[in-house]
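Structures follow.
Next come two complexes, and both contain subunit A; in the first it sits with subunit B, in the second with subunit C.
Moving on to the complex of A and B:
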């Protein structure tokens, strides 16, 4: 579609851009102590954006801006997911004690720009656009991670993030340049067919470019061995930012990974039709399966040793990236929809866990396991909700996490006996993870003094907890809406050649 | 002749880049960066990207590098700071580098790259302009939002919190 015609399909992003600009201007009129009010503008803009995405989802899938963006249900799914995650994180940020003494107008504006970047990430089908989208998201994350200027660990988080981010972007770009050198085009859906016409002598270059590009994407979803930034960044960042980084950019990263690899290294046919045909130059299933197992095993084994709950959750989010990667090696529509279901479930339970950590931090001044002692008796709502989130992250029924894992394991097992070992590794890992998740629950109920008086958290805090806890429980029992939503989103816009 | 010039240019780029990374004094590194930027501009000329080469010199050498040097000179005590490049695990690192370089070298020599025997273009500016306003209009516009975010972020991080 030509540039001008594309605009009529581009309302969500246009609204988002207007929101960002309005946010910047509105912030100028607030006194520093009132700068938190910028949030309402961004909040309203995001609501309108979600509404626009919803309205546009009646239109047929299309290719926008001369083959730069895909406008399809797959992108809409992730856009809605990202807006949902962002809205919850905005609410969390409003309650954050770490951000209270800062002027936070820019904080909300930067989150708005990051949403824009993620919207591009989930819909780009051109290498230049992919790179720009990743850069927008990364740059904004660097700044958000270092937002607590007086906090040494926040500074460290930001700096480490910049160095790792710059390095992995560079490697990814080198991979892109190899693809361009082989095919002479930047359009993902032209690269696939062009690669298919090359003979075997090009396989080595294809493999190197795939590994380099995987390094860039793996960094975004914090897959092992590209995860080294994750623990320090997650620990040092303000907690709402940590929660955000662990959910939204990760979802966008998975969307990009799926679209990029099925377009470039598959044959570019519709994924929803079933198995993705993959150019046989590379042992894709093996590479992805090994990546998945490494990621979840390392995440879980290191999470056990942590003394800080926030850092433990950082490693646990690496482990969850590993579980989700488990859905990809089969290269089947089932596997991809399992990843999408898991991302929805993961959004609620992970944001919930981080939110409780945030509340405990504000109350106790720390986030180590000992700060959780007796919490279950003192603040029953927090205790029960945290127990629910921990069970859900482990994958125990009847919670959302169980349904997510169920879909993933079902997809792996359906792919045949050659993948049984992957399912086995996933199951062993889930058992390992039980240890450190249960440890939080034990700390809350069995350690420390049993408080006689009950504290009720503030209204807004309780509301956010309920907004996150109820879906975690309900989707564990009644998940049909999610499954329907995912299965109707498995449509990819493919440009006609 | 052209080959010799190319290799000279490539050597200049890589060698000065090594100095950038390895020199102890920040200012020397910044000056070495000047040669890297010039070398890259030279490589652009070999690709017939004359406009890009000029832009490279104007923006990177004339703008960014001058800014970097000013930044170094105006920052208190930064010139005397001893930047130690303590590298650990030199052996393992060297092996890894050798492996990666070997693989890349093998790839570069063995792969059937797409070679386009195009004639020298009359002008490149019009082509770039057409691409920016047609095929890559959206990335071009999106880049402005990226820069806006970077500016806001830089201002936020450097602002004094009262």
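Moving on to the complex of A and C:
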């Protein structure tokens, strides 16, 4: 589609752009102590954006801007998911004690820009756009991680993030340049066929470029061995930012990974029909499966040793990236939709867990396990909700996490006996994870003094907890809407050649 | 000097030097310089491939975008390093480790 025609399908991004600009200007008119009001502008803009995405989802899938962006149900799914996660994080940020004494106008604007970057990430089908989108999201996350300018751990988080982030996107870019050299095009769907025409002598170059590119994407979803930044950045960043980084960019990273590898290293068009044929010489299923097992095992084993709940959740989010990677080695539509279902479930339970950590931090001034002592008796709502989130993260029925894991394991087992070991590794890891998730619950109910008085959290805090806890419970029992949504989203726009 | 290979060799050397700098340097600025070297090695690849690979302009465009993004990234990274220096009086990446007690 030509540039001018594309604009009529580009409303969500246009609205977002306007929102960001309005946010920047509105912030100028607020006194520093009122700068939190910028949130309402971004909030309203995001609501309009979601509405625009919804309206456009009646239109047929298309390719926009001369083959750089895909406008398809797969992208709409992730756009909705990202807006949902962002809205919840905006509400959380409003309650954050860390951000209270800061001028937060820019904070909300930066989150708005990040949403824009993620919108591009989930729909880009051109290497230039992929790089730009990843960099937009990365640059914003560097600043958000270091938003507490006078806090040393926030400083450290942003420095580590910027170094690892720049490094891995540089490596990825080098991989892109080799891929461009081999095929002479930057369009993902032209690269696949062009690679297929190369003879065996190019295999080494293809392998190098694929591994370099995997490093860039692996960094975004924090897969082992590209995860080094995750624990420090997650621990040092303000907690709402940590919650955001663990959910939204990870979802966008998975979308990009699925689209990129199915277009470039598969033939692309059969994704919706079932199996993605692999055209290159690389053993993709094995590479992705080993990556998944390494990621979840390392995440779980190191999470056990943590004394800070926030850092434990950082390692747990690495482990969950590993579970989600389990859906990709089969290169099947079932696997991809399992990852999408899991991302929806993961959004609620993980944001919930981080929000409880945030509330405890504000109350106790820390986030170590001992700060959670007796919390279940003192603040019953927090205790019950945290128990629910921990059960859900482990994957115990009847919670959303169980359904997510069920879809993943079902997809792995359906792929045949050659993947049984992967399902086994996933099951063992789920059992390991039970140890440190249960430890939080034990700390809340069995340790510390049993308080006589009950504290009721503020209205907004209770509301956010309920917004996150109810879906975590309900989707564990009634998940048909999610499954339907995902299965109707498994449509990819493929440019005609 | 007018063959594709010679450009690719230079870019591979740049890439290796950048990698070496990122891994061995302890000064925050020097690490960032290593990152810039990696970006520029990729840029050189894009331009060489575009120049020798035919009339395709995509490589040139890609390189332009990379230059812009590298500038933006340098601005953000240097701002972060300056802030680090204010709080730590050091930009040695080994000394900046309040986390992971």
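The working rule: the second predicted complex is superposed on the first by the 495 of 497 C-alpha atoms of A that agree within 3 Å, B and C clash if a C-alpha of one lies under 4 Å from a C-alpha of the other, contacts with A are read in each partner's own complex, and residues count from 1 in each chain.
Here, contacts are C-beta pairs under 8 Å (C-beta built on N, C-alpha and C of every residue); 3 or more make two chains touch, one makes a residue touch a chain.
Nothing here was measured: the structure is a model prediction, and the numbers come from that model.
Q: What is the contact status of A:330 with respect to subunit B (first) and subunit C (second): first, second, both, or neither?
A: In the superposition, A:330 contacts neither subunit B nor subunit C.
Q: With both complexes overlaid on chain A, does A:143 touch subunit B (first), subunit C (second), both or neither?
A: both
Q: So, does A:247 touch the first partner subunit B, the second partner subunit C, both, or neither?
A: neither
Q: Touch test for A:232: subunit B only (first), subunit C only (second), both, or neither?
A: second
Q: Once the shared chain is lined up, is A:135 touching subunit B (first), subunit C (second), both, or neither of them?
A: both
Q: Is A:319 in contact with subunit B, with subunit C, with both, or with neither (first, second, both, neither)?
A: In the superposed model, A:319 contacts neither subunit B nor subunit C.
Q: So, does A:166 touch the first partner subunit B, the second partner subunit C, both, or neither?
A: It touches subunit C, and subunit B stays clear.
Q: Based on the superposed arrangement, let me know which partner A:177 touches: subunit B (first), subunit C (second), both, or neither?
A: Touch status of A:177: second partner only.
Q: Pick one for A:153: touches subunit B only (first), subunit C only (second), both, or neither.
A: It touches subunit C, and subunit B stays clear.
Q: Between subunit B and subunit C, which one contacts more residues of subunit A in the superposed model?
A: B
Q: Quick check on the output: what are the common subunit A residues between the subunit B footprint and the subunit C footprint?
A: Touching subunit B in the first complex and subunit C in the second, residues 128, 132, 135, 139, 142-143, 146, 149-150, 158, 178, 181, 184 of subunit A appear in both lists.
Q: Spell out the residues on subunit A that touch subunit B in their complex, using ranges where they run on.
A: It is residues 3, 6, 17, 20, 24, 32, 64-69, 102-103, 106-107, 109-110, 113-114, 116-117, 120, 126, 128-129, 132-133, 135-136, 139-140, 142-143, 146-147, 149-150, 158, 178, 181-184, 198-199, 201-202, 204-205, 208 of subunit A that touch subunit B.
Q: Which residues, counting only subunit B, touch subunit A once they are in their complex?
A: Touch list, subunit B to subunit A: 103-104, 106-107, 110-114, 116, 134-139, 142-143, 145-146, 148-150, 152-153, 155-157, 161-162.
Q: Mind listing the subunit C positions that touch subunit A in their complex?
A: Listed in rising order, the residues are 8, 11, 15, 18, 22, 28, 31-32, 34-35, 38-39, 41-43, 45-46, 48-49, 53-54, 56, 58-59, 61-62, 65-66, 69, 72-73, 76-77, 80-81, 83-84, 87-88, 93, 96-100.
Q: Mind listing the subunit A positions that touch subunit C in their complex?
A: Spelled out, the residues of subunit A in touch with subunit C are 127-128, 131-132, 135, 139, 142-143, 146, 149-150, 152-153, 155-159, 162-163, 166-167, 170-171, 173-174, 176-178, 180-181, 184-186, 231-232, 235-236.
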